[in-house]
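Alright, structures below, take your time with them.
Both complexes shown next keep subunit A, but they swap its partner, so subunit B is in the first and subunit C is in the second.
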Partner chain A sequence: MLAFFTSDYVIHLLILIGIYFIVAQSFNLSFGFARIFNLSHIASYAVGAYTTSLLATELNFGILPALGIGVLLSALFSLIVGGIAVRLEAEYFAMGTIAFSAMVTALLINWKSITRGVLGVPGIPRPVIFETALESNTQFLIFVGVVAALVQLIFGVLYYGSFGRSLRAQGEYENGAKSLGHDTGAARMVSFILASMVGGLGGGLYATYVSYIDPSVSSFAEMVFVLTIVIVGRPGSYWGILVGSAAMILLPEIFRFVTMPSEYLGPLRQLLYGIVLFLLVYVRRANLFPVERKL
Partner chain B sequence: MTSTLNVLKIENLSCNVSGTQILNDINVTFEVGETVGIIGPNGSGKTTLFNCISGFMPGISGHLYLKDKEIIKASPSTRARLGIGRVFQNFGIFRDMSILENMLIAFEGKRPILTTFFPWAKMNRVHKEQALELLGRVNLAHRASEKASSLSGGQMRLLEIVRLLASNAEVFLLDEPTAGVSPKMKDEVVGLIQSLIELNKTIIVIEHDINFIQRFCERIVVLDGGKVVLDDVPEKVRADPRLQEIYFGKA
Partner chain C sequence: MSILPQLLLNALITGGIYALVTSGLSLTFALTRVLNLAHGHLMMAGAYSFYYAYVQRGWGLFPATLFCMGSSVVLGLVTLKTFVAPFARYSVVLALVSTLAFATIIESTVSLIFDVNVKSLMVGAYPESFEWCGVFITSLQLLIIGLAIVILGILAFIVHGTGFGRFIRAFSESSVTTESLGISKSKVMGIVFIVSAMLSSLAGVLVGFETSLQPTMGNAYTLKCCAIIILGGLGNLWGTLVGAFLLGLMENLLVGLEFGSFSIPTGYKDAVAFVLILFVLLVRPEGLFRKRGRAAC
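Showing the complex of A and B:
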C-alpha cells in the first residue's frame, strides 16, 4: 500500500494537484471573492509559463529568477487587461477578458520568432535550490508543496483580513461598499493583479515541472478546467479550492483503472468535466453570480 | 463663502437623465444637528436627491458643499469618507457577511488599501471592540457572529443605521428607514434616530407619512416634480394649501 502512495504515479498527481491548486486559488480571489469573472486568468498562467520557459531556455536564466520575472510580467499583463476591461460591466468584462485570452493564444501561436509557435518550448529545466537541481519528482513535490502552502497562507491573510472583506462587500453590493467609503475599483484592481501574479506563478511551475509547453497552456479548455475546480470547491471558499483541485485531478484517473481503448479515454475525460461542471452550475445557480441590487 | 453652521448646502442642483429632468434647480441648506424630513409624492425626486448627494447619480449640475467643500465631482466613496452616510431603501447591508463584519466594513472604509492586508494590525482589535459596543446599543451584540441575512427587516435597518456611526458619518441620509419594518421595531428605529439627534448629527429622512416624520423632524422639505415646493417647520407645511394640492389635487 505504501508503495502505491510513494509511486511515481501518485507523486505526479500530487504535483499536478499542487500546481492547479495555486492557479485555482488565485482564480478564486477574483471569481469567488471579488466576484469578477476574469476569463483571461489562464492567459496570465500562460504568460507566466512562457516567460519562465523562454528565459530559462533561450537566455539561460535560473528557473527561480525566471519564475520571478514571469510573475512580474503576469502582473503587467493584468494591468493592461484590467486597465481596459475593468471599465466594462460584469458580463461584458467576462467577454472582454475572453478576447484578451484569445489574443494571447494567437500571439503564442503566431509570434514564432520568440515563442516557436505550435512547436512549443522544450527542454525547460527544473529549479535549482541550494545547488540541488530538483530532478526527482519527490523533490519537486516538496518544492510545489511549500509554494502552495505559502500561497495558501498569503491568501488566508487576504481572505480573512479587511482587504478580503472589502472585496466581498463590493462583490455582494458595490454601491453599499462605496457608500461606506470603500474604493471598490482599487480593491478590484489590486485583487486582479494579485490573482494574475499567482496564476503566472502556477504557469511557471507547470512549465518547469513538465519541461515542455506549447500554446495549448492558454486554451479555453484549460480555463474551463480551472473554473470547474473553483466551482467544485465552492467559489469564495478557502480550503474548498484544495478539495476541488484534488477532485478534478483525481476524478478522470478512475478511467485509468478501466480497460478501455485509448481513443475513447480523452473524449471521455472532457465529457466527464462537462457533466461535473454542468451539474454543479445547476446546483449552485442561485449564488454563482452576484445578484444586482438597486440603489 | 457659506457659514460654518451649514453642514450641507445644495445650490442650483439639477439632474437630467437621458432628456428627463428629474430634479430642477434645488436649493436647500442643512445645518449641523438639524433633522429634516423630505416628503413628496412618488416620482417627485426624493431618492434621486439622495443619490445626487451621495454621488450615485450621473447627469447632475449645480453645486454641493459639504462643510464648505465642493463635492459635486467627488466619487461616492470619497463623499462617504468625508462624512455622508446613506441608508438604502432596500437595505444596504451585506447579507452574506456576519453582523460583526457588517460593522467592521464600515470602520474600514477609510483605510488606505495597502493597510488592509494586515489582519493582525492593532486597529482591527480596536474596531472589533467599538463594533461590539455599537451593536450593543441596538441589542445585536449577542448575535454578532450570525449572518446578517438572519436579521428581520427592522433589525437590518438598525444595523444599517448604527453602521453609519462606525463609518463616522456626519450627515445621515435615511431613505424610508421604516419601510418594511414592523410597528414594534418602528419605535426602535425612531429611538435610534433620536439618539443620533443627541449626538448632534445632521439627519435627512425621506418618508411618506407626514405624521410619522413630525415626531422627530424640525423642518420639512416638500418635493414635487423635481422642485422644492415647501421648506418650513412642520406646522406651517401642514397648514399650507399647496401640500393638499400636491397630494390630493386642486379642490
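Showing the complex of A and C:
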C-alpha cells in the first residue's frame, strides 16, 4: 500500500494537484471573491510559464530568479488588461479578456524568433535550492507543496482580512460597498493583479516541472479546466479549491484504465470537463451567484 | 497589376460570411442580454452536420441542406432551453460559464465523432472561376456574396419592419414591459435562437465549401462576432452588417498589403479582431455606432 502512495505515478499526480491548486486558488480570488470573470487568467499563467522557461533556457537564468521575473511580468500583463477591462460590464469584460487571451496565444504561436512558435520551449531545468537541483519528483513535490502552502497562507490572510471583506462586499452589491466607503475599483484592481501574479507563478512551476511548454498552455481548454476546478470547489471557498483541484486532476485518470485509441483521450477529457462544469453550474445555479439583495 | 481590387473582393466575401454568423449572435445577445460564448461552436457543429450528410453519407445537396437545417433547429433549441434560459434569470456571469461549458462539450463531441483533422465540403470539381479586370472570382464566391446580401436584407426587414421584429426589439429594450403586454417571451426567444443557429450553420457550410472545417475553429469565430458586435453596436442589424464588412476589409488589407517595406505576417490575420475588440473597448466602450446608452433591463 505504501509502495503505491510513493510510486512515481501518484507523486506525479500530487505535483499536478499542487500546481493547479495554485492556479485555481488565484483564479478564485478574482472569480469567486471579486466576482470578476477574468477569462485571461490562463494568459497570465502562460506569460509566467514562457517568461520563466525562456529566461532559464535562452539567457541561463536560475529558475528561482526566472520565476520571480515571470511573476513580475504577469503583474505587468494584468496591469494592461485591468487598465482596459476592469471598468467594463460583465459581458464586455468577458469579451475583452478572451480577446487578450487569444492575442497572447497568437503571439506565442507567431512570434517565432522569441517563443519558437508551435515548436515550444524544450529543456527547461528544475530549480536549484541550497545547491541541490530538485531532479527527483519527490523533492519537487516537497517544493511545490511548500509554495502551495505559502500561497494558501497568504490567500487566507487576504480572504479573512479586511481586504477580503471589501472584495466580497463589492462582489455582492457594488453600490452598497461604495456607500460604506470601500474603494471598490481599487479592491478589484488589486485582486486582479494579485491573481495574475500567482497565476504566473503557477505557470512557471508547471514549466519547470514538465520541462517543455508550447502555446497550448494558454489554450481555451486550459481556461475551462481551471474554471471547472473553481466551480467544483465552489467559488469563494478557501479550502474547496484544494478539493476541486484534486477531484479534477484525478477524475480523468479513470480513462487510463480503459483501453482506447490515444487520439480519443484529449477530446474525452474535454467532454468530461465540459459536462462536469455544466452539471455543477446547473445544479447550483440558484445560489452560486446570488442575485443582488433587494433592499 | 495592383492586388488591391482582389483584396477588396476577398474582403467582401469574408465580410459576407462574418455578417451571416454575427447577425445571429447579435440578435440573441440583444434579446437575452446573454453573450453566447458557444456561438462560433454552433456554427462549426452546423457545418459538421452538413459534412456528415453531404460528404460522409453522400446525400445530395438538397437533403443535406434539410438535415443541416433540422440539426440547427435542435442546436438552437438546446442552446436556449438548456444553456441559456435556466441561467439568464440568475446572473449574466452564470450564463457565460454555462455557454462556455456548452462550447467545450460541442468541440470535444465533434472531435470525437469526426476527428480533429481539417475537412473540406468541396468534393469533386472545383467551381469555375471568372476573371474580370485582373480580379478572380468563383461562382461559389458569387453565391456567398449574393446569399449574404439577400438573407441579411430579409432579416433586417423582418427585425426592423414587421410586427414580429417589433416584438424582438421590444424585448431587447425592456423584457418586463413587453411580457406585461401579453407577448410570449419563450416563443419569441425560441424563434430567434433557431434563426440564429440556422444563420450560423449556413455561414459554417459556406466556410466549409470556401476553405475548410476544423473542430477548433469555433472560438475564433465567436471572438470575431464579438468584435463585430462591439463595432456595430448591440442589436443593431445594420451596424452588424457594416461591422462585418469592416472587419473583413481590415483583415484583408492589414495582412495583405505592404506598408513600405513592412508587412504584417499572415499568422496575425485572426489577431486583427482581438486588437479591434481591445481598441474599441479602450476608446469607446459603448460601441462605435451606438447612439444611446444601454437600456435599463
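Details
Going forward, the second predicted complex is superposed on the first by the 285 of 295 C-alpha atoms of A that agree within 3 Å, B and C clash if a C-alpha of one lies under 4 Å from a C-alpha of the other, contacts with A are read in each partner's own complex, and residues count from 1 in each chain.
To be clear about the criterion, contacts are C-beta pairs under 8 Å (C-beta built on N, C-alpha and C of every residue); 3 or more make two chains touch, one makes a residue touch a chain.
Worth saying up front: this structure is predicted, and the values here are computed from it rather than measured.
Aligning the shared subunit A places subunit B and subunit C next to each other free of steric conflict.
Within the superposed three-chain model, A:L158 lies in touch with subunit B and out of touch with subunit C [touch as defined at top].
With chain A used for the fit, subunit A forms the apex of an angle whose arms reach the C-alpha centres of subunit B and subunit C; rounded to a multiple of 10, it measures 80°.
Looking at the shared chain after the overlay, A:G181 reaches subunit B, while subunit C stays out of its contact range. In the superposed three-chain model, the partner touching more residues of subunit A is C, compared with the other of subunit B and subunit C. Of the two partner chains, subunit C is the only one touched by A:L268; subunit B is not. In the overlay built on the shared chain, the residue A:L277 is in contact with subunit C alone; subunit B does not reach it. Of the two partner chains, neither subunit B nor subunit C is touched by A:A148.
When the two structures are aligned on the shared chain, A:S166 is found in touch with subunit B, with no touch to subunit C. Judged by the touch definition given at the top, the superposed model places A:V190 against subunit B, while subunit C stays out of reach.
By the touch criterion defined above, A:L14 lies against neither subunit B nor subunit C after alignment on the C-alpha atoms of chain A.
Taking all C-alpha atoms of subunit B against all those of subunit C in the superposed arrangement, the shortest distance found is 8 Å. Counting contacts as defined above, no subunit A residue meets subunit B in one complex and subunit C in the other. Across the interface of their complex, subunit B is touched by residues 157-158, 160-163, 165-166, 168-169, 172-173, 175-184, 186-187, 190, 293-295 of subunit A. On subunit B, the positions that touch subunit A within their shared complex are 47, 51, 54-56, 75-78, 80-81, 85-86, 88-90, 92-97, 101, 104-106, 108-111, 113, 116-119, 124, 163, 167. Residue ranges on subunit C touching subunit A, taken from their complex, read 29, 33-35, 37, 83, 86-87, 90-94, 96-98, 100-105, 107-109, 111-112, 115-116, 219-220, 222-223, 226-227, 230, 265, 267-268, 270-271, 273-275, 277-278, 281-282, 285, 294. Across the interface of their complex, subunit C is touched by residues 35, 37, 84-85, 87-92, 94-96, 98-100, 102-103, 106-107, 109-110, 220-221, 224, 227, 231, 263-264, 266-271, 273-275, 277-278, 281-282, 285-286, 288-289, 291 of subunit A.
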